[in-house]
Structure formats: structure tokens, C-alpha cells
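Once you scroll down, you'll see the structures, which are given as C-alpha cells.
What follows is a pair of complexes built around chain A, which joins chain B in one and chain C in the other.
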Partner chain A sequence: MSATWLPCGTYHESYAQDHAWWQTTFIKGKMILLFITVFIVIPAVADDYWLSVCNQIGYTILGALGVQLLIGYCGQITLGHAAFIAVGAYTSTLLILEFPWPQFMLNMGLAYPISILIAAVVAGIWSVLFGLPSAKVKGFYLILTTMAAQFITVDFILTQYVSQIGGRGQAFSLPPGTIKIGPWSIENDIQVYFMMLVLVVLCVAAMANLMRTRVGRAWVAIRDNDISAEVMGINVVLYKLLAFFVAGFIGGIAGAFWISNLAAISTEHFTWFLSLWLVGVILIGGVGSLHGAIFGSIFMVMVMEILQLAIMPLADTFPKLLMDFLFIKEAAFGLAICAFMIFEPNGLAYRWWQIKNYFNLWPFSY
Partner chain B sequence: MARTEPVQDNEILLELKDIEMTFGKVTALAGVNLKIRKGEIHSVIGPNGAGKTVMMNCINGLYRPQKGSIYFKGEKINHLNPHQRSRLGISRTFQKVEVFGGMTVLDNIRLGRHIHMKSGIVSGAWYLGKSFREEIEHRRFIEEEIIDLLEIEQIRHKPVGMLPYGLQKRVELGRALALEPELLILDEPLAGLNLEEVEDMARFILDINEEERWKVTCLLVEHDMGVVMDLSHRVFVLNFGNMIMDGTPEEVQNNPEVIKAYLGEEDLYATRR
Partner chain C sequence: MELFWMTMTTGIMVGGIYALVALGWVLIYKCSGVLNLAMGEMTLIGAYVTLSFYSMGVPFLLALLFSLIIGFLLGILTERIFLDRLIGEPVLTVIMVTVGLSFFFKGCVELIWGTDTRVFDPPVFSIEPLHIGPLVIGKVYLWSFLAAIVLLVIFVAFFKYTRWGLAMQATADDEMAALSLGVSARFVYATAWAIAFMAAGVGGTLLGNINGLNISVSYLGLLVLPVVVLGGLNSVPGAIVGGIIIGLLQNFCGAYLDKYFPGGVKEIAPFAFMAVFLLFKPYGLWGWERIERV
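Coming up: the complex of A and B.
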């Protein structure tokens, strides 16, 4: 998506101004308001239920960022992203539970932050492994190889072997107090919420910066035209694998974050439907835009919650509705994607861009 | 009017020796020899299907010839990938514009600076500091050297996919120039342009070839004989993968074999005048 039109009478005087994210005072004010809202207002007014919805949104954003990078920016269609989230979650869990941390590190609350970083790197490398076929195959064929990542990782390795480590059976549960960052023990929804905010802000900022520098441009070039990208000096295979690495890295962060919100970590949380769900999120939000990943996550999670709230009162008369909610949810997901493909194929982010331009150019629309 | 400045004594920049390229039983190139000297505009002409584009693809590595060798500045480059060749200073434009449609004009040209930039994922994700300075530095180069030269200031923030064809061609030239190449392969830069755009493009090609700042050696594939004969120092004629001749524009125009194969018997050459 191209740059937004500047409001009438606004001119840049240096290249640095033209490179900035927030180019006018109005946008800066707007963003500060947004930060005040998410950091102060929401935690103050929301109850535990809505905070957990926000955490769900944050988790979806972190997952969708990686999918957006692969599909939206680099053109490598992936249907196995849940595998890399799972690798992140399991690596982090196993490190916390099984690694002999020195006592002072546990006291200082370093175990979990370090495990997040390691989980991210492991998930990145795991993702590169399954990204290797992208050197040779494109499009639909790549979808199948990434689906292989899902089934090999989650259904085979994690379920059959990793889950058996420590003899716990099917699920790992983290004892209270093990998830600790510095002096803070992450136990209730509000702490998870703040951790989610910090991670989402960091990851979105890193992605936005990458997209305006050399590496990000190389990814978009590969998406738009891989032959001329190669002629322009881009090592296409290397950059594709780099995209897989960064996507896996962010997926690993998402997984390692999510264990703080789960009572027990099992492979049921990382099914193939989650991979599909994340692709749906970016289709609805808008392919090839960071706003898209965020808007799509908010929209999808909120629609599902509202659907649930709408069904609750009906459940007394039609008890079967509650029983079938999972299927209703899937049907709504499919319906939402159909509707967006027909009525707004460019997603919510494009609508947002149009609205911004409308107000920036008002009253002279061209 | 052909160019008369002597470039015959300049050093050889690119040399093709006995290049053979076949696709199944079709011979696209049958032992082609070509020497391009520094500072010249060397045109390749020939009827459709003569193997001109195949030859260009061999030079920048998209195809690997079965036989023969390619030397760039005296070094054999047969084994190098396209992206490695671009680092040596070979850049090109395509017959059908191959721009990055979803990126803005500025981003397309910035992408041409890829090999001159250094920031990786870590410094890029952090952005402040090294990456930022690098972006600003290259932005200055792009604005002052390329956008100014090609006169595309007013469209710099537009997505290239939405621009008309003539401007896309110009952006593609800008992208190829941003690489600061020593050898620029122009594969039909004038195809599909109107008369005014042809004149502009011809002037840009002359500018980048002659100006002290650029001094780019050009390898030009083109069907517009008027432009080819006016711009080129030397013309190379290809027919069904065989070289017919390689000489100055006058020699080519008067060669009976070339006239028979390509230029046509009656009219000396067709042009859009």
C-alpha cells in the first residue's frame, strides 16, 4: 500500500521527515492517545473477561504477524504457522521445567525471558527447515510443504515424543511462580495483558522498521517479481529463508508468550485450524499490511466473542446451540472470509487507508 | 546520423566466446561471439526469435549456456548467479516491464540500491542509527541523481503498478541505474512507447552513456532502427542464433545480407518518423 496523502498545506523539509512513521502532529497525537488507551484506560476499565479477550487478540496479532510476513510481504503461502507457535511454546515450557537453572537466575526472574528468546530462535530455525522447499517450489505446491510442517511437527514429533518427556502424559502444566519476569510473577490476566502489550509493540515496531529498510524491500520485491529481484542483486533463496526465519521467530515469541496464559500446554492448542485461522485473519485484515494483521486479529476475535454473547441468551430455549458452538464458530469464520473476498478483497486495512485519505484530502477529493 | 567518437581502443568490458544455447532441439544461439568495449552503446538487432533476449539472459545469468564462456572485465563469470553478477556491475531492464508493482516508485529505485546497502535484520529491525543514516544517505543519491535525471519527481510516492506503461519503463530504467552498473542491458527500452516517450528515453540513454557522472556502457536490444542507428557505436546483427555481422551502423545498413535478413529490400529501414 502506498503512502497516505498528506493533508493540504503539509510539506516535508528533510528526507528524515519523509521516512518517519508518524509524519504529522495530528498523527503523533492520535498515536499517543492510542497508547494511553491501551496502556492505561483498558486495564483500568476492563474486567477479567475482556482482558482475556484482549490477550487473545494480542496472541492472534503475534501469530498473524509472521503469517503476514510470509504471505503478505514475501509471497510464500504458508498453512503451517501453528507448528512454529507450538515449537516456541514447547521449547519455552521445556526450558522452564527441565533445564537446571541456577538458583540466582530463578530468583532474578530470568528463566522465562531467556526461554522466550531461545524459543524464538529455535522456532525460527525450525521454520527455516520447512522453508527450504521454497527454494524450488512456489505457490500451491509450497502450501503443501508448509502443511507438512504442521503435521510433522505437531501431530508427530510433539504429540508422540516431546509430550512424553518427563513422563507427564499428554500435557505440561506450569506450576505457579515459574513464569516470572524480573520481579513480576505473571499470574493473572492483567499481568499477561501488559506482557502481551510490550511484546506486540516490540514485534510490530520491529516489523515496521524491517519493512522500510533493505531486508523488507527485498521481501516485497520477491513477492512482486522474483526474477527481476534476483537480477537486481537479491539472493532470492537466502531472503526467502530469512523471511521464514523471522516469521518463525515471531511465531516462537507468540507461543512462548501464550504459555503464560494457558493452564496446561498440550498439542490441542496448536491444531491445523489455528494455522488456517491465522491466514483467515490476514485475508480479512488485508494482505501485505501491518495494519491488516492488527485489524484482522481484532475483528476476528471480537466477532467470535460477540457471537458467543449473542448465543448465550438463546441457549435457554435452544440448548443445542451451546453444544454446537464450535461448529457455529467455524461456519462464521468461513462466512466472514467469503464476505470479505467478495465485498472487500483488500481487507480492512485498505478501508482504513481510504478513510484516512478521504479526511486528509477533504474537501478536495483529488 | 551515427556516432563517430572513437571507442575502438577502449578496453573490453564484456566478451562472449562461442556461446551456444539450445532448448531441446531448438538452437537459440549457435556460437555467438561478441565484444563490448567500455563506454560504447552496442546494439543487438535481428528479427523476432533471433535469440536476442536469450543472449541477454545468458549475459546476466538467468540462462546458463551449454557451451562457450562469458568474460566480464577479463574474468570468467559463467558460474555466477544473477545476483552475484549484479554485484559485479551488470544491470538490466526487461522487454516486458518487470517492475515491483506493489511498491512505490521510490521503493523500486531504492531496491536497486540493494547491493550498495548493508543493513540486515537486526539493524533493520532496530532502525535507529546505522540503518537510518544509510536510508537517508541513499535517499539523497536517489533523489538527486536518478529521480532528477529521469524527471519522475511527481510520481515518486505512487505504486508502480498503477502507472502508465511509459512511466513504468522509466521507473525500470531508474531502478537499473540505481545499481550504478558498469554494463546496462536494455532489452527493448522503446517497445510500446509513443513518439514523445521514445524521444525522452533515447535522450536518457544518451545521457547515461555520455555524462561524466555515469559513463555507463549500454547493450541495447531494439527494433526501432532509427534510434538504433543514431545511438549506437556498433551494431550486432543476429539471425536464428547466428551472428550475421558486427560493425558500425553504416556498415550494417549497407550489408546486403543484413538487408535481406532483417532490414528489408525496398525501404532501407522502417522507423516511426
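Coming up: the complex of A and C.
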């Protein structure tokens, strides 16, 4: 997918214009409208249910960004991303609960922001650890090592050992008031929503800019052909590990953010299903594009919610349906992936690109 | 010492089942190059079909036969509907289709048969253990092992001596040459999926006899991955040896390491082993090494 074509009559007179993110007035207007919508309109009109759906979407976007970086930009297929999200979530939780914070830091609400940063770094390092085999193997074999990361981290280390810290049993719960950023304590859906928005905007902007630097281009070169990339003087191992670090970093942020929404943190939230779900999201959205991660997240979460809304009224007549919804969801997810892979392998982002070009070039699309 | 021998026999016997399922996986990979992550759900379907027939009063062997037939049909259908369109697509696409299939199958199995553990009732094999010298072996294990070995021999013989099997071998060896000699590649792919479905079904049935049948039997499908990595992705003898080694490894870890690392060592050990093994010998014991050029 190359860049979008500009409409007829758009000329650039300086490099700054050529490099600008928003190149035409129309795009500027569109983006401002988008920001107004997500920052003002949605919080104003949405009720708690739809806000929680939005939070779900934001969490999926944050998780999918890391997967998109690894699979879509660096070509390192991972099926164990939930492990790094879990590491982020657990690090942040444990820091908040167990670390002896000085009172003034608690008063200033610094504990949670600092724990997010540390969680991101820890998750990044953990991800590099399991990215090490990528120096030697690739393709299917790398998939297997990332799967091993998932089982070793979540099903073994976190479930058997980390969950025992502090003697709380299986799940950690955060007492209200502990999750606090500065003067604001994050308690209800709308506060989580704003925090999610800030994090998503920051992470997407960071990723988009990263892709325009030497690092991002090196990743793309490795994805397209790693031997050629090496010949051109790119340190393949270093950049692959860097990709794992950044992906783990964003995963850690996602995990640390999500604890603000979870009542109790347990390993059930970070199963292998989540890893596969995130890969499915970027495949449906479109591999190798940030739009893809966002569209995929919105599409998948919305489809599941709509499925639920459609099934709920039927539940009165067929009470069994309510119980079976989880299974229907699973089967629908599986079918959706198969259908997209077979009929729409370029994903939703490709369609979006086509539509944009159609209108930009209209009426003479040749 | 008794524990050692007990663990050893159990490991080998369970390993036989792993070998059978791994054989199905290797056949698919060898013939069509599809890396299949839906193996576990295929074992589930086969096992539940057998169970349904068995609880309707059909004798066990006949139930198994029906399940084989249904597995054969489902395998061909799956290949025709989903995998046939993906020939020549990138690895990730094909793998994710099999992941999608695994979710679809799993959802269907849960919808149809529920999530409760079900057992073969009345038990197919008597609980009375068998005494061979100092060894005590559960009859279930012994029969499962024997059944797995018999089926392995049948499948390998089919692969080696029949016309269809030879066509499959030719396609696996050099697809272009096989096509020009009049072998139908699509037929071969369908057969490979059918055989894999059948092998998985029998493996699932046997495992369901040992521990009772629920969704967690599909863990077998993940366990197949360490097995094939150990043996080499496209090696039939590798799958058999790898299956038995992983069975042994799993049971020994369960018996001896559980004291030091309480919890699921038994479930994790094959994967940890696989991750380390990949670092040193990524093409397995007998797999073909891929030489890559720009």
C-alpha cells in the first residue's frame, strides 16, 4: 500500500509541507472533527455501557499496536503477545500494591504513572528475552517460541508463582483510590475513557513517527527481505530485538492501563485467546498499517457487541443461548478470520485506502 | 526405582498417542505445506463423535469406525472449503486460517456437546491393571498404545505401498514433477487432511478414554508442536520418535520435577524444551534444512 494520492491541484512548495502529517485543509478539518468527536461528543452522549465498549476498543488498539509492529512492520510473527500485556499488568499492580511508596508521592498521585512506565520497560525486556530466538530462527519456528513465551509466562510463572506474592490467592484486586494520576483518581468508565484516549493518541503518534525514522525503515526492510536488509548494512539482530522491545513496551502500557478497568487482575484475562485475538484483529484490519490496527479493533469489538445485542432479545425465548454466547463468539471469531483471510486478505485498511483514493481522484481516476 | 519404570511405561504409552496425532500433522505439512494449528480441535471432534456413538449403544470398535468415516468426510470438506483457496498464500495467512478453524471447531464442539467432562460409560477398558513382572500397567494405557501403534503401521503402510500413498509422497517430494506426471495435487491435499482428521480423532478418543473427555483434550493439538519440532517438520519417523520422547519427557518432568516447581510443570515442560531445542537445532532431528537465497 503506497501513500494516498493527493487531490488534483495540491502543490507542495517546501519540504515541511511535503512531510506534514495533515497535508490539505480537508484532512485537517477531518482530523479536528475526529478529535472533537472522540474527546467531546462521545463522552457527552455515550452512557456507561458504550463507554466501556470504547474502553475495550482502546485496550485492543493498544495491544494490537505492538502486534502490528512485530508482524506488520518487522515481519516477526508472534502468537504470544498476551504474555507481555500480562507482564505489564502484573508489574504495575505489584508495584502499586507492594512497593513502599513515600507518602508525598502517593499524595501527588505519582505511583500509578511511574508504575506504568516501569511496567512498560519490564514488559519490553521480557519481550526481548523471548525475542532472542528470532536471531536464529524465523517463520513458523519463531511462532513456536512466542507460543512458548505465552505458556511459560502466563500459565506457569504468573499463575503459579507471581500470583502467590502477598498471599492473596489467585487474583489481585486494587482497592479504590490507589489508581490515581496526579489529582485525578481513575474510578469510573469516563475517567478510564479519557486516560485510554490520551494513551492511544500518544502511542499511535509515537508509532507513526517511529515508522518514518531510520529505525522504522530498517524494520520494514527486514520484513521485506532480511537477507537483503543485512546486505544493505542493517544490523538485523539488533533491529529485530528493538522491535520486540518496542512491541513489549506498548504491550506493557496496554496491560498497565487495563488494570484501571479490571476489578481483579488474574491470569484469566491474558490467555492465549487474547494473543490470537490480537493477531486476528490486525489481520482483519490490515497488516502493515496503523489504520489496520485501529479499524480492526473497532470492527472486532463492535461485531462482538452487536452479536451480543442481537442474541440478548432471543435469550428470553431460548435461555440456553445466554450460556452459549461465549461459544458462539468463539465460533464467529474463527469464521470471521477465515472469511477475511480468504476473501479480503488485505484487510479493512486497504478498502479505506481505496475509498480515499477514489474520492481524491474523482472524477478522473486515471 | 519402581516410580522410574512406571513413569517410563506411561510415558511411552502416552507417547504412542502423541505420535499418532503428530503423524497426521506431518502428513498435512509434508503434502501441502500447511502448518496446522487446528489439530487439537480435530482431536476433539473425533473424540466427541466416537463418544456420541458409543453412548448410543454402538459397540466401541464400530463407534470408532464411524468416527473415522466422519473424520474422513470432515477432513475433505475442510480442505475443500477453506484450505483449497489458500494454496500459495503467505505462511501467516494459512496459519491464521487454521487458527480461525480451530476457534470455529471449538465453538461448535462446545455448542453441541457442552463443556462438562464426559466419560465413556460403561468404561471401554476394564480398570483392573495388568501385572507384567514388577510393572503395573493400566489396561487403558496398554490398549491405547497398541491401537496407536497399529494405526501408525497402517498409515505408514498406506503411505509407502498404496497408489494414493505414493501419489502423496510424490507431491511431497516435488509438486511440479508430480503434477506433470498426472497426480492430482488437490486430491492429495484432501487425502492428507482426511488422514490427519482420522488420526486426530483416534488420538482424541484414546486420550478421552484415559482421562475423560472435555475441552482440555485439545491441549493435545498444541503438544503436537513440540513433537514435530523435535522430529523435524516433514519427517514421518521423526513424528513417531518425537512423540514417544515428548511423552517420556512430560511424564518424567511430572514425576520428578513437580516437587521442586509445584504446579503445571508437566504441561509446560514440552514447550520450554521446544523453545530451547529450537535455538540449537531448529530443523529437528530429521527435518529438511531450508537453504535461503535472496
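Note that in this section the second predicted complex is superposed on the first by the 366 of 366 C-alpha atoms of A that agree within 3 Å, B and C clash if a C-alpha of one lies under 4 Å from a C-alpha of the other, contacts with A are read in each partner's own complex, and residues count from 1 in each chain.
Simple rule for what comes next: contacts are C-beta pairs under 8 Å (C-beta built on N, C-alpha and C of every residue); 3 or more make two chains touch, one makes a residue touch a chain.
Everything quoted here is computed from the prediction, not taken from an experiment.
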(request) Judging by the criteria at the top, classify the pair chain B and chain C on chain A as clash or fit. (result) fit
(request) With both structures superposed on the shared chain, find the angle between the C-alpha centres of chain B and chain C as seen from the C-alpha centre of chain A, to the nearest 10 degrees. (result) 80
(request) Using the touch criterion from the header, give the chain among chain B and chain C with more contacted residues in chain A. (result) C
(message) According to the stated criteria, A:A221 is in contact with first (chain B), second (chain C), both, or neither; which is it?
(response) first
(request) Please indicate which partner A:C338 is in contact with in the superposed arrangement: first for chain B, second for chain C, both, or neither. (result) second
(request) Please indicate which partner A:H19 is in contact with in the superposed arrangement: first for chain B, second for chain C, both, or neither. (result) first
(request) In the overlay, answer first, second, both or neither for which of chain B and chain C A:T10 touches. (result) neither
(request) Could you look at A:V231 and tell me whether it touches chain B, chain C, both or neither (first, second, both, neither)? (result) both
(request) Figure out whether A:M147 sits in contact with chain B (first) or chain C (second), or with both, or with neither. (result) second
(request) Considering only the touch criterion stated at the top, classify A:T213 as touching first (chain B), second (chain C), both, or neither. (result) first
(message) Let me test your reading of the model: by the given contact rule, A:T37 touches which partner, first (chain B), second (chain C), both or neither?
(response) neither
(request) Would you give the minimum C-alpha distance from chain B to chain C, in Å, for the three-chain superposition? (result) 6
(request) Jot down the residues of chain A that show up as touching in both complexes, chain B in one and chain C in the other. (result) 225, 227-228, 231
(request) Write out the stretch or stretches of chain C touching chain A in their complex. (result) 35, 82, 85-86, 89, 91-93, 95-97, 99-108, 110-111, 222, 225, 229, 233, 261-265, 267-268, 271-272, 274-275, 278-279, 282, 292-294
(message) Under the stated contact criterion, what part of chain A meets chain C in this complex?
(response) 71, 77, 130, 132-133, 136-137, 139-141, 143-145, 147-149, 151-152, 155-156, 159-161, 225, 227-228, 231, 276, 279-280, 283, 287, 324, 326-338, 341-342, 345
(request) Could you please specify the touching residues of chain A with respect to chain B in the complex? (result) 1-3, 15-16, 18-19, 206-207, 209-210, 212-218, 220-221, 223-225, 227-236, 242, 245-246, 288
(message) Touching residues of chain B toward chain A in the complex: what are they?
(response) 60, 62, 81-83, 86-87, 91-92, 94, 98-104, 107, 110-112, 114-115, 117-121, 123-127, 131-132, 134-136, 139-140, 143, 157-159, 175, 179
